[in-house]
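Below you'll find the structures, each written out as structure tokens.
Consider the two complexes below, in which chain A is the common component and chain B and chain C are the respective partners.
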Partner chain A sequence: MPGTILENLSGKKLSVLVTILLTFQIACFLVGLIAPSPATSQGILTTVCVDRDPKNKEINRWFTRSCPTQVHLSDRQSTAGLDANNLVFVAEMPHYSFDYSRWQQNLMGILQIDMVYQEDQKLLDPVMELTLDARLAYSDKDINKGKTPWQYYAHSEVKRYMECTFDEKSAHNDKNGYPYDCGMVPLFELGSLHHDYYLLNLRLPYNRTANKNVGLSRLEDVHIHTIHMNGGFTKVWVALKTFFFPIIIGIMVWFWHRVHILNRTPALLEYMLMSLGATLAFLNLPLEYLTLSFEMSYMLILSDIRQGVFYAMLLSFWLVFAGEHMLIQDHGEKNSLKLYWKHLSTIVVGCFCLLIFDLCERGVQLVNPFYSIWVTPIGTNLALSFIILAGISASIYFIFLCYMIWKVFRNISLKRAVLPSMSQARRLHYEGIIYRFNFLMLATVICAAVTVISFILSQVSEGQSKWDENMELELSSALHTGVYGMWNVYICAMLMLYAPSHKQWPDDPICNDGEEVEFSRLPTEGTANEISSLTSFAAKTSMD
Partner chain B sequence: MRFYLFLAVHAVILMCFCLESGEGVCENKNLTKACKKRSFVQLILTKHLPTFNENPKGICRWLKELKHQSGLCKRRRGLAEIINATRELTLNSCTHDFQYEQWPCLRLKRIFKKVYRETSFVYSLTTSAFMWLVARACAAGTLEDCACAATPGKHSGAHAHVNVTAGGWRWGGCGDNTKFARRLTYKFFQLKKKGDKAQNILRYNGEVGVKIVIRSEQKVCKCHGLSGSCTYRTCFKRLQPFTVITEELKSRYHSAERISSDNDLWRPLNEKEWRDEEKDTTDTLRYLDTGPNWCQFTVGRRCKDTDNCATLCCGRGVRLGQRTIREPCKCRWRNDTAYQVVCEQCDKEETVYHCQ
Partner chain C sequence: MHAAFTVPLLVPRRHRHRRIIATSAASNATRLFLLLNLAAVAAAASAHTTWSSSSGSTQQHLVMDPNQMCKRARWSRGKMADICQNKPALLNQIARGVALGQTECQWQFRHRRWNCTSAKRSIKKVMLRDTRETGFVNAILAAGITFQVTRACTRGEQIGCSCAKKKKRKSKKKDPPLPEGDWQWDGCGENVEFGIKRSKDFLDTRYKKRSDMKTLVKLHNYGAGRLAIKNNMRTVCKCHGLSGSCTLKTCTRKMPSFREIGNKLKERFDGAAKVIAGNDGQSFIPEGETIKSPGKVDLVYSEESPSFCLPNPALGSFGTQGRVCNDTSQGEEGCGILCCGRGYDVRYEMVRTNCNCTFHYCCEVKCETCIVPTRISTCL
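The block that comes next holds the complex of A and B.
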């Protein structure tokens, strides 16, 4: 009768295994300390260029920072006689003499518009609509270390909402020229940073009849804040993936081999473990290497899907895991996923909602990087309803899960009461199983808690600018790599500990020495379709 | 014996003459007995500045009596323009904000004789203006390699001169403009240097200016991660228009505290204390000498309303007048003026207050 390795492993071996896994875990955290913060931002003050021919619709007309006529908006003289449609706000990305590296993965642009109050003007509406005519061009380094000519990348006229408030109290007695406090406006998101240089030409077209940009006040400055991943972080991250990918594949092969040696069809939990391993392997697959040579603008959506599939599988695994240890096996036939359809449908619905939301936002961004689902009321409602639906299914899922876990623990404590009446060997055996089951439950709870805590910490550590400016530590990267490593280690441990026992195969490479005293198997119980003696124990005691 | 005394007196006079040449008269007997070198702030606000339209570097030569600043100015591309702009921004925002105050931000030569409340104010205002302009120039990309001067993590350095290589940029991106601006401001104004009491107190006020710029910045955070959730969160600083900083400093001007010259309450802060104090939001401007009575200069000045006139005219009474002025009205944002607001001109009856 096969049990799982977890039950048959002696305390000493278990502690050795746990030590090894913990070492990996700590190594993952320490590796993160080498890395810089996951992403950095760069603020760019746009240059204001004059377009003498705004009617010209030629798309490949680019204004760069060295455009012939530049104006300063704060200087009234320099804008005299100019039309709002004449002005082009130019930002060359990145700043200075640098160029983007493909390791920097993706680019996000956020718009900051500084407006000031003008004497005698009516105060602006708190929420105003902006119409932005935005064009992106790219350029690469050529052989002579120069730049290739700017090439069209994307163009769109988009709407955005901007919130502006005016603090009348702090403006004291002189309101003229006092700034509005306007919010940031997300402008674009590039899924791949394939080219070396990008150029943004932004216009705020004015049209009274079409109601475009009619509610603005006096503009002082337009800033673009760009956010990109850090090359160093990506390198460390990809290195971690490259390291874990073969390991997880190896463990899966070993696991499946163990299952197939048995003369039975694999149990549900074994299928679940294999699929969990597979989704982790898919998540670990270092596809990022491909972005170094190909333009893969769908990389963001792909990594969203990869993570989503992994989380969905992890949640389903927990559910099935708890269900399979419910200790009430009232029917002898093989368990199947059908038993869990109610519980699993919450995950399916939740993930499906998030997928649709993701496809609506990032899918469209593949075509138009300036697209945002949040600008139209319909889009906002749609996005919100999907997110709320996902949230509801997540809560139902957690209620299900907590209920099941509570039931498992109640059953265990009930069965514990029966334990003293058993023989010494059997009692020790079952106590060991229950202990190890609890141990793994504890591990899951710890992992989940650590994830939540590190999430909170990484949010807080962003406020680290008030710390010593020469601080060398970058905590948020270490937290990310630590958590990522933790789930890898967790799933590796699950695959190893829940693999069928080596008992009948003494030449197993993992636990090949039989010198430790192991609890003798009880010959009387169990059927071939039960994978763990805990469940068989449950079946037996429930008959009592 | 008498001969030596004679020689010594001559030597002192000669020395003084050398130091003084081209620097005006030093009247600050209260602070230092020797003739005092003019500070950058004093120079930039009081000395006549020719226009350097074609050659912005001209200002570096104009600053030649200040070895430290003119050296920096020559070495770093883009700094000359900032120095020019600092002067303009300081004077404009000062005169604009103080037009209805007893001291209308004029007679700047006079206020540099001692450390008055006004001296402290213009000192911190100039420092703020400089720092603000540096941060802005960094964002505009007009100052030499600034944002990348200090990348957080591996490539950071304590000096304003450390440049991040292309490799550093690829590894960890660029640093924070504000930190760089603060460091350059400290370096440029030598805020860490210890001098006599007057210099120390002016530098302290400079530090107050730096802190106000830092505090005026808004931190904005952006989430980006799985489906746009907050797995990754990146924050950046948002520079506020300079008006906000001037307003803040103006209120500090009114609440400035006097440090009596014989009671040395103030001592230079060390690094740690500075950091502690940075969190403290109530740092005040400090000055040494009670300033001249500006009341004597407010005769005939225009004041805004009854409240303002009461303080501005020092109780001498107000002369009321009616006049018709053409004022901008019906302002609206219009197409044909490039993001400016366009107003019509209307006639408006207005009461004008003047001090007697």
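The block that comes next holds the complex of A and C.
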């Protein structure tokens, strides 16, 4: 009667294993402490250049910070006689004498427009439509530490919605020139930061007939906030992946070997564990190294897919795990995924919705980095419906899962009542199994809780304490690496503890007990689909 | 000509929009005052253009002319002398910052008896004392420098903006330029830290070794001015985690507009606390027992302000005679307060103003001209 390692491991060995795993876990957290925050932002105040020839549609005409005619929008004289199409807002990224490193992975641009109240104008609508003509160029360092000429990267005319409020109370009676408070507008998203320098040329074309930018008030400043990953964080992250990848591969090989030396076909739960390990290995695969030499703008979407596949597999595993520990084997055939189609379909539907949403947003961004699904009403509805659908399937899934876990625990507690009537050795043994099963359920709940808590913590720390000078430690990275390491450790533990044991059940002298005879008559005994004796226990007791 | 009275000595565009056609006869005294005020208008207007144009030719009107301060500090050493001698671009930004602070001071005080004018060295005389007004001017100048230097850094101007990091504790060196590796490792810090640092270098370091009351108050108000920026930064956050969810969120901060900073400081000015020297000689305590001691963001002063009701060249006061007031208001612009109880003169004039304006982005305003009968009150 083959069991899993979890059942046959002595308490001492188990505690040693748990200690080692916990050490890894703490190490992951500590590694995160040396890393900087995951991403940094840099604010750039655009330089306003004058395009004397706005009709010229030549695409490779770039305005840089050192353009010949610059104006200050707050200075009314210098903008006199200028047309909206004359103004080009220029942002060179990054600032100063820096250049982007490929370790910084990706780049996001956020637009923020400062407007002031214009005398005698009526207040702006709280939500206005912006039309942006945005062009991106790139440049690299050349051999003599100079820059190569700007090269065209992307161009698009896009619409955005911007929310602006006006604080009439503070403005008192002197509204003229008082600033509006305008929200940020996501502008572009580059999946790979392959080049050293980027240049943004932004125009706000005005056209009354085409209804372009008619709602604007007087502009004072145009800010571009750029967000990129921190090289240090990427390095730590990739190091973590590089460390875990061979480990998980090794454990998987060992696990599969263990399964194969038994003379039976692998059980469903073993398949599930293998696939879970495989998705984790896929997630751990340090593809980021490739971005150092190749331009892989699909990295964002790829990492979304990698994470998505992993989470989908993890959720499915929980479901099957709970199911396999509860199911009453009234038919001798092998369990298969078909039994769980109802439950699993919720995951499939949810993930599929998110995948489509992701492809619509980030997939299109591969072609046009300025694209956003949220700017058209149809796009917004589409995105929202996909997200809502995914949310609904997620909640159905959790209802299923909770119901199954509740059933397992009810089963266990019911059977506990039968335990005293068993012989002592057996009873101790089964109590141990129940204890370890509970222990692992507890581990799952703890992992999930820690994930949720760290998510909340990182939200809070991002919101406030980041600006607190006294905070020396960068907690958000540690939370990220900690959670990442935790799921790695969790799955490693699952693979190790649920691997089939080579130990045989002790040929106990209790077999002459009447109760135990009943045990040996279990229909499931010796069948290949039996994975743990707990299952057999559950099945047996349910027969009582 | 009377525009000088209707417009509180600044904002040239308002000045343009409103022109009084009919004027009443002015007394000799008013005429004298008018001349003074015209000088102030010129000063304010030039200060305004200083900020927006790049030349620094009109800086002689600045209350705290960085170039002159540098001349005085020629033989000294330290951070200020370093800025003076080696960082002309930074010095230029500091000068603009001073002008910006001064302009904002004039706007915030446009309705007050003392309207922050720099004519006849008025502002300098006020700065020599330690009154509530002095505190405000100091705070807003420190804020102006911080704002302007930060702004220049945000524009990417090469004024030695360094990525101020939390690493200060580790390296004792005075802000070393960030090595390339650090930029790759954890990016660049906020520009406002650099602005604050430079404002401190330029203003505070001169007084580091002194601990007399005036200096303490001055340093406190400088700090309060800088904090008015730092504590009111606008935060915007962007989620960029899995599928754009908030598993990963990065926030970025932006300075508020200088008008908002001015408003905040004006609020602090209205609630400023009077302080007296503390027992240890290194600090100050509020004058009244019951008053809670001022925080870092509060403005303090140690001398009662003069009333500024009557002309007094020694105090930098021009008096309020001839100033336009609002006879329906109970506030500081109301005739009751502004005219110091001397009463006011009411007359009706036809004023030409812009009306029914339409605005076309980016730079075009079309207005009609209306002639509106306006009630104008002036202090006696």
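Just so we're on the same page, the second predicted complex is superposed on the first by the 511 of 544 C-alpha atoms of A that agree within 3 Å, B and C clash if a C-alpha of one lies under 4 Å from a C-alpha of the other, contacts with A are read in each partner's own complex, and residues count from 1 in each chain.
As a convention for this text, contacts are C-beta pairs under 8 Å (C-beta built on N, C-alpha and C of every residue); 3 or more make two chains touch, one makes a residue touch a chain.
This one's a predicted model, so the numbers in the text were calculated from it and none came from an experiment.
S.K.: Using the overlay on chain A, decide if chain B and chain C clash or can fit next to each other.
M.R.: clash
S.K.: Let me test your reading of the model: by the given contact rule, A:Ala425 touches which partner, first (chain B), second (chain C), both or neither?
M.R.: neither
S.K.: Is A:His72 in contact with chain B, with chain C, with both, or with neither (first, second, both, neither)?
M.R.: Touch partner of A:His72: chain C, not chain B.
S.K.: Scan A:Asp83 for contacts with chain B and chain C and give back first, second, both or neither.
M.R.: Both partners, chain B and chain C.
S.K.: Please work out whether A:Leu337 is in contact with chain B alone, chain C alone, both, or neither, and reply first, second, both or neither.
M.R.: neither
S.K.: With both complexes overlaid on chain A, does A:Val127 touch chain B (first), chain C (second), both or neither?
M.R.: neither
S.K.: Go through the superposed model and pick first if A:Gly231 touches only chain B, second if only chain C, both, or neither.
M.R.: A:Gly231: touches chain B and chain C.
S.K.: State whether A:Val445 touches chain B only (first), chain C only (second), both chains, or neither.
M.R.: Once the two structures are laid over each other on A, A:Val445 reaches no partner at all.
S.K.: Pick out the shared contact residues on chain A: the ones touching chain B in one complex and chain C in the other.
M.R.: Residues common to the chain A contacts of chain C and of chain B are 36-45, 47, 65, 73, 76, 79-80, 82-84, 87, 92, 94-96, 98, 101, 103-104, 108, 110, 112, 114, 116, 118-121, 170, 177-179, 184, 186, 204, 206, 208, 214, 216-220, 223, 225, 227-228, 230-232, 235, 304, 307-308, 354, 357-358, 361-362, 455, 458-459, 462-463, 466, 469, 472, 480, listed in rising order.
S.K.: Enumerate the contact residues on chain A facing chain B in the complex.
M.R.: These residues of chain A touch chain B: 36-45, 47, 65, 71, 73, 76, 79-80, 82-87, 92, 94-99, 101, 103-104, 108, 110, 112, 114, 116, 118-121, 170-174, 177-179, 184, 186, 204, 206-208, 214-221, 223, 225, 227-228, 230-232, 235, 303-304, 307-308, 354, 357-358, 361-362, 455, 458-459, 462-463, 465-466, 468-472, 474, 480.
S.K.: Can you list the residues on chain B that touch chain A in the complex?
M.R.: Residues 96-97, 100, 136, 138-141, 145, 147-148, 150-154, 156, 158, 166, 169-174, 176-177, 179, 219-222, 224, 226-228, 230-241, 243-244, 247, 275, 279, 304, 308, 327-333, 335-341, 343 of chain B touch chain A in their complex.
S.K.: Would you mind writing out the residues of chain C in touch with chain A in their complex?
M.R.: 11, 13-14, 17, 52-53, 151, 153-156, 158, 161, 166, 180, 183-188, 190-191, 233-238, 240, 242-244, 246-254, 256-257, 259-260, 263, 354-363, 365, 367
S.K.: For a test of understanding, state which residues of chain A touch chain C in their complex under the given definition.
M.R.: It is residues 36-45, 47, 65, 72-84, 87, 92, 94-96, 98, 101, 103-104, 108, 110, 112, 114, 116, 118-121, 170, 176-179, 181, 183-184, 186, 189, 204, 206, 208, 213-214, 216-220, 223, 225, 227-228, 230-233, 235, 304, 307-308, 354, 357-358, 361-362, 455, 458-459, 462-463, 466-467, 469, 472, 480 of chain A that touch chain C.
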